[in-house]
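Shared between the two complexes below is subunit A, which pairs with subunit B and subunit C, respectively.
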Partner chain A sequence: MRFLAVIKPRLHIFSIISIIASLLIILPLLQIVFGLFTPASDAWIHIRTHLLRGYLFNTMILIIAVAILSTSIGLFTAFVVTRFEFKGRQLLSWTLILPLAIPSYIAAYIYVDMMSYTGTFSRFFRAIFNAEHGINIMNMPGAILLFSLTLYPYVYMFSKSALEKQSASYEENARLLGAYKFRIFWRVILPLLRPALVAGTLLVVLETLNDYGVVEYLNIRVFSFAIFDAWFRLGDTAAAIRLSGVLMLVVFVIIFIERVLRGKKRYYMHVKNRPIKRVSLRGFRRVVYPGVLLLILSFGFLFPVLQLLYYARLTFFDVMNMAFVYLVINSVSIALMATLIIVFLAVMLANFGRKHDHILKRGLLKITNLGYAIPGAVIAIAVMLFFIDIDHRLYPIYRFFNPETRRLILTSSLLMLLFAYVLRFMAIGFNAIEAAYDKIGMKFTEASYSLKQTKLKTLLKVDVPLIQGGLVTAFIIVFIDVIKELPLTLILRPTNYDTLASSVYRYAREEMIQESAVPSLVIIVIASILIYWLTHRKKKVVSKDVRTN
Partner chain B sequence: MRTMILALFFMTLLTLSACTLGVDNDQDSLTIYSERHYDSDQVLFDLFEDTYGIKVNVISGNADPLINRLENEGEDTQADVLLIADAGRLGRAKTMGLLQAVESDVLNTQIPAAYRDLEGYWYGLTKRARVLVYHPERVDERELSSYEALGEEPWASRVVTRTSTNIYNRSLMASMIEIMGYDAAKDFAFSLVQNFARTPTGNDRDQAKYVVEGGADVAIMNTYYIGRMMNSADPFEREVAETVKVFFPNQKTTGTHVNVSAAGVTKHAHNVSNAILFLEFLSSEVAQESFANANYEYPVNEAVAPHELLQSWGDFKAQDIHLTVLGKHAYDAAILMDEVGWE
Partner chain C sequence: MYVQIEGLDFSYEKNEPVIQGVSFSMQEGEIVAVLGSSGSGKSTLLRLLSGLEVPNEGKIMIDEKMLCNRQQFVSCEKRNVGMVFQDYALFPHMNVEKNIAFGLKGYSKDAKKKRIETMLKLVNMVEKQHAYPHELSGGQQQRIALARALAPEPSILLLDEPFSNLDADLKMRIRQELRTIMKQTQMTSIFVTHDYDDAKAIADRIVFLENGQIKYEETL
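Presenting the complex of A and B:
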């Protein structure tokens, strides 16, 4: 690797890997851009006259409401957990991430089931309150609640880690200067929290824009619904690609807003990191605060899981067999591979982009984040066309090795699915790692460079230990996202290759919610264990740091 | 450096797994793109494998992505058979040139002409009827007559069904366009939407539940969901299925809407003879018994009796149209439903 460092200052390991990665990501997406310039079809004209306005309106309502609600929940829970001392705080502080272990589509299936006439909640309400009708959650408010309950942990995780790192000095100084609690929160804590808050909310919004499972099931007519609708129902891929183009535009606006909100200023922690002492809760707050947290956790995690456990007990022996074990192995191994590749590339890209000194560079980085804004199915079309094209180009080489070969070698391999995962989830890993870099600033890295250390050595010896928290966060959320991922997996998986998510979908689509419980639970358990293990491992690292200080 | 080594290690692992996966298209294998996801189907595929020594590979997924994939893969596709739960979509695959016509006397005797493509591009395997499901305490059977009647005054705010994106509703409308003509079908759809008890939402089972709950009196849904609910793992779903009653509409007029699960041999199939053998097997008496009955569908092979539950509902008259028209009118049906505000 040493020779790379010698060639040229601009051509180092980060830039080379970053440029290759972004080119690979850009090429399939060009399919979508070219699609925008095809002549308007009848289906597009139909969509534009009858449907487009509704799609835009619903999408705006949904993302704004979900952003506000999930940010409020995430910020409130993170604040209570980091600033107050109460019984069960430690347990809640990591279990509050658990709703992230439940894919939104599984939450939708199981909540609709629980709220339906035969469901647990409806029967409970009928028995207690003698209510005639169940609560209908198959509408916009229902979707907003479902998304917020399953996605708020993104905001929670980012805010909590930022709040824990906030030094007590700021608040103490503010208090010494006579500021009240409320004012301290608005003028000191919140501004310092802004980058974390905005990053978390951005993930929530993008995740909401990408979902298809929930909006399909609840019949909420938003953009991802529209794209699939144009593609499936009207059979018009060109119109679907046009709609994707419009959605990409919306996402550009959102990312622009994020950049503005995050501000030009970088909020470095210049003061010595002295953790804030948590205040013991007194009086009614001692019951109410933990009570509210428990309620959030119950709706986000405990209730759906209990219902799934009940169904799993009913259907366990119908579902369990050898093939099921392979499902688990498949899901875990592919998620692990995809996650490691993503985290690796994200570190490269984040290093490449740490100094925003060139407009081209910034453009490249934005493009690598684009995959997260495009619905899985559209990425699937783009990636498939791209791989077929590559296979056709490589055909002479294939034939050189094996004259009898088929043409589509890569297209029928796991590589295509992995590639699509990387394209799709790059942004999550990148944002987590970039936020970690933002927090440490350039000081240490520049010091290392000025001591004539190579980029790679600096990365491994200086940066990686400093951003370890960010790496761990990136790993958790990317892994969980991959194991939950549905549309890409369905469309791009090789023959005879099934995963847990695809099997949940299979059952749910056949309206066999009870049978989907076992694979759903396995996804949830794997993700939960991971959350547990990583949150607890993280603590050890922190305490070690404190000791060495 | 450790990161790099790890990364390299996983890259190698990945390339290796990429090489080992995939399917060999040798003489003794058959690859199926299937929209059906029933465990009972897999049992049949295994039986086929054991009987004929032909390995069956399955890729399951939603219908349109599978068709799209077939189109993109072109002559390189591994698929030999396309199996879809809607005749309209197979009609589309045929128009797109993704299927090939096959001739088989066995298939022609086992499958009635109404349920297969006349040129042999696809063959129906199981039938399902789209019926009215009602609450016997609030609806007298004599009040029910036809789909069209549900758009009339007495049924205001009493009817419930799924969204217009649902293929079953779309194919129902496509059949109405064929029977009544576009304008009359649009009038019917408009009047039906006015009588909806709620904005369409949920799946077929949810419609039956809403009827039992008291939100609506009549649901338009497929027959096999009632059968499946009667055997649900959830005791409360069983209760719902036992409460409601099934009515076959349009018996005195044009007949009840019927759709099929059907399969066709792909244009670039590697093993055409295996594919034909597979279709012959699926429509044979041995296979139809479980292929249709495990899922409470009607077998296409008339030599096989339907499930007892289906027999208990009695015989019915099906729409006298050829199912190829479902594909022909699918697009118009989608547009029509948007225009009348069927969400």
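Presenting the complex of A and C:
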């Protein structure tokens, strides 16, 4: 009876849906863990003896270099647009996010093309510098550059937001204590930016580890490449699972190191926030700083988009047919479905987690949000094994209804892909909504409960209007990510089901880069419009300190 | 007795007791102040009474209705307990009228309108019916929060540090006003405060809380 009295108040719509969703997310991941304990296959022994060290080395080189380069670009761009005043600053401050609208694999296809012997850049360099050959970017430095150019906006966004919130008091105090600009930057600004830099860089690293399109196209032998290789070329799922296990370990080590380094340091204090006044650029800086920003934007967004537009003009009528229209409908509808499911579940989970009153609950939420840290290749294996297992268990039921039934019903359905999207992108939706809830605190919700309103009515009438900014943010970010997603889509989509991303991949594989331009541009245009919306919509600020005297 | 609290125990996760064996009772219409320093557990006590927290042990009974014991737990939304939050928690996206109407479940449209009018008259804020919370002063927000809590005719009213956000002049005026309203409505009320003068000005009885335990009581 006592047990019931304790459990009952904690059983409600949020907890029930959250627990079911969490279990569904945890179960496939356990498949990977259990898979590690199966006997080693010959392929695995071969991989471990001859290839694993190379995969590890390449992966480490790639993520370290991408982290350094994209952090440098992101920090520099954020610092310039937040601290200096110059012509075009406002335009640059949001367009610098646009490279995020270009999936790394599309950037890879188009840059390899532009750098090839007959490509735009090579012809340009030949004309100017009389250079003989094309520029080869199908190597590690090329991959590092491509990832950095398309992923730096993560660091840029986090750093920009943190720099805008930094109070002028810190810098003024440092100056009063005799510090010069350089010292202030290294000793005050940069350490205060650390959480933002780490958060942005971590996303860059996770996205790099998740990628399959770029590394496959450039033939860079890193982990995601190896997992697909073991799975499809060697046909050895067990070896793919073991590789996934090692990759998950790498991810957790990275996250663990960050936590240890952070230690007990705090990077925030409640000080009266006095905004920093931007300094007008003078002399050569007036040209150089905006020029560098424009160059970064050009390489990250403008050049590839211009090239795609040119190719789209050449191939538009070849590509544009009913099949293409269905492709767009497929992409938008599945992204919409996945996004709505994710936002709904994220609201449930965020509500469930608002009172961190139990260690089990905290653990459950952490695991549920693990998906974003796990590369697509690993999730693909986990989800596929999970669905095959479910299909096997449900086979007698399928047969009861239809004796001629196929064995794999769910495994060949869209449900599997949707499930994988939810698993992978749940953390993004959850974090945006949790942040919105953090801003408003518990008081409005509790006030509603005290006024005899149910949990559902409170959610709809009080919480949702107050966190609508967070809901929109969650929706936009998740939608962009799903519509760009490649590895999961590639493996888990039903036969003959194509999306924009998978068709871009198919064209690129068949060396039909020009034909890939139209679907690529549709992805980029949708993502760009959403980014514009995200950066320009009016924000209704409702904070914990809403009370005004 | 109208309110009966027996052997209430509560701790957060770290197993450090916040409330230990708290027992007291109240008569109908009585105003009790729970006085204690910060961290003494006084706000937690209110959260336990309102059903926002689940006690580890103990019994809460109000108006002969068992709200919580070893076998049962009546959730917050079903307790019919009114609460005025420390920072008032007026819904910023609703105007005064809508804030007050929010808790009026099962009222007809006319009855709702009438009740809102009565409440606004009670707190002397009729002219602010259509104002939004950010357009009100601290004292006005507090009065609306009180009207909102009283509107659904709760069996008991809980007030969490109702004066902590008011400046000294306003506080003197408002606490007298508050006592008048509470007595006028004959509402059984518990309010927590760290200020002895507040407690003395409003309450019929003061309960002194220290480290989650009642140390002594003083009838005024």
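In this section, the second predicted complex is superposed on the first by the 391 of 549 C-alpha atoms of A that agree within 3 Å, B and C clash if a C-alpha of one lies under 4 Å from a C-alpha of the other, contacts with A are read in each partner's own complex, and residues count from 1 in each chain.
Simple rule for what comes next: a contact is a pair of C-beta atoms (placed from the backbone, for glycine too) under 8 Å apart; a residue touches a chain by one contact, two chains touch by 3 or more.
Just so it is clear, the model here is predicted, and its values are computed rather than measured.
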item	value
Which of subunit B and subunit C A:449 touches, first, second, both or neither	second
Which superposed partner A:322 touches (first subunit B, second subunit C, both, neither)	neither
Subunit B versus subunit C as contact partner of A:232, first or second or both or neither	first
Winner by number of subunit A residues touched, once subunit B and subunit C are compared	B
Which superposed partner A:414 touches (first subunit B, second subunit C, both, neither)	first
Contacts of A:360 with subunit B and subunit C, given as first, second, both or neither	neither
First, second, both or neither for A:127, with subunit B first and subunit C second	neither
Subunit C-contacting residues of subunit A that also contact subunit B	1
Subunit A to subunit B touching residues, read off their complex	1, 46, 50-51, 112, 116-119, 122-123, 132-134, 136, 138-139, 216-219, 221, 229, 231-235, 237, 311, 314-315, 318, 337, 340-341, 344, 347, 377, 380-381, 384-385, 388, 391, 406-415, 418, 456, 460, 464, 490-491, 493-497, 502, 506-507, 509-512, 514-515
Contacting residues of subunit C [partner subunit A, same complex]	12-13, 50-52, 54, 68-73, 75-78, 80-83, 85, 87-93, 102-103, 105, 133-134, 137-138, 141, 148-149, 152, 165
Touch list for subunit B against partner subunit A, complex	1-4, 6-7, 10, 13-15, 17-19, 21-23, 25, 31, 37-39, 57-65, 68-69, 72-74, 76, 78, 92, 163-165, 170, 198-206, 209-210, 212-215, 225, 228, 232-234, 236-237, 239-240, 330-331, 334-335, 338-339, 343
Interfacial residue positions of subunit A with respect to subunit C in the complex	1-2, 4-6, 8-10, 357-359, 443-444, 446-455, 461-462, 465-466, 542, 546-549
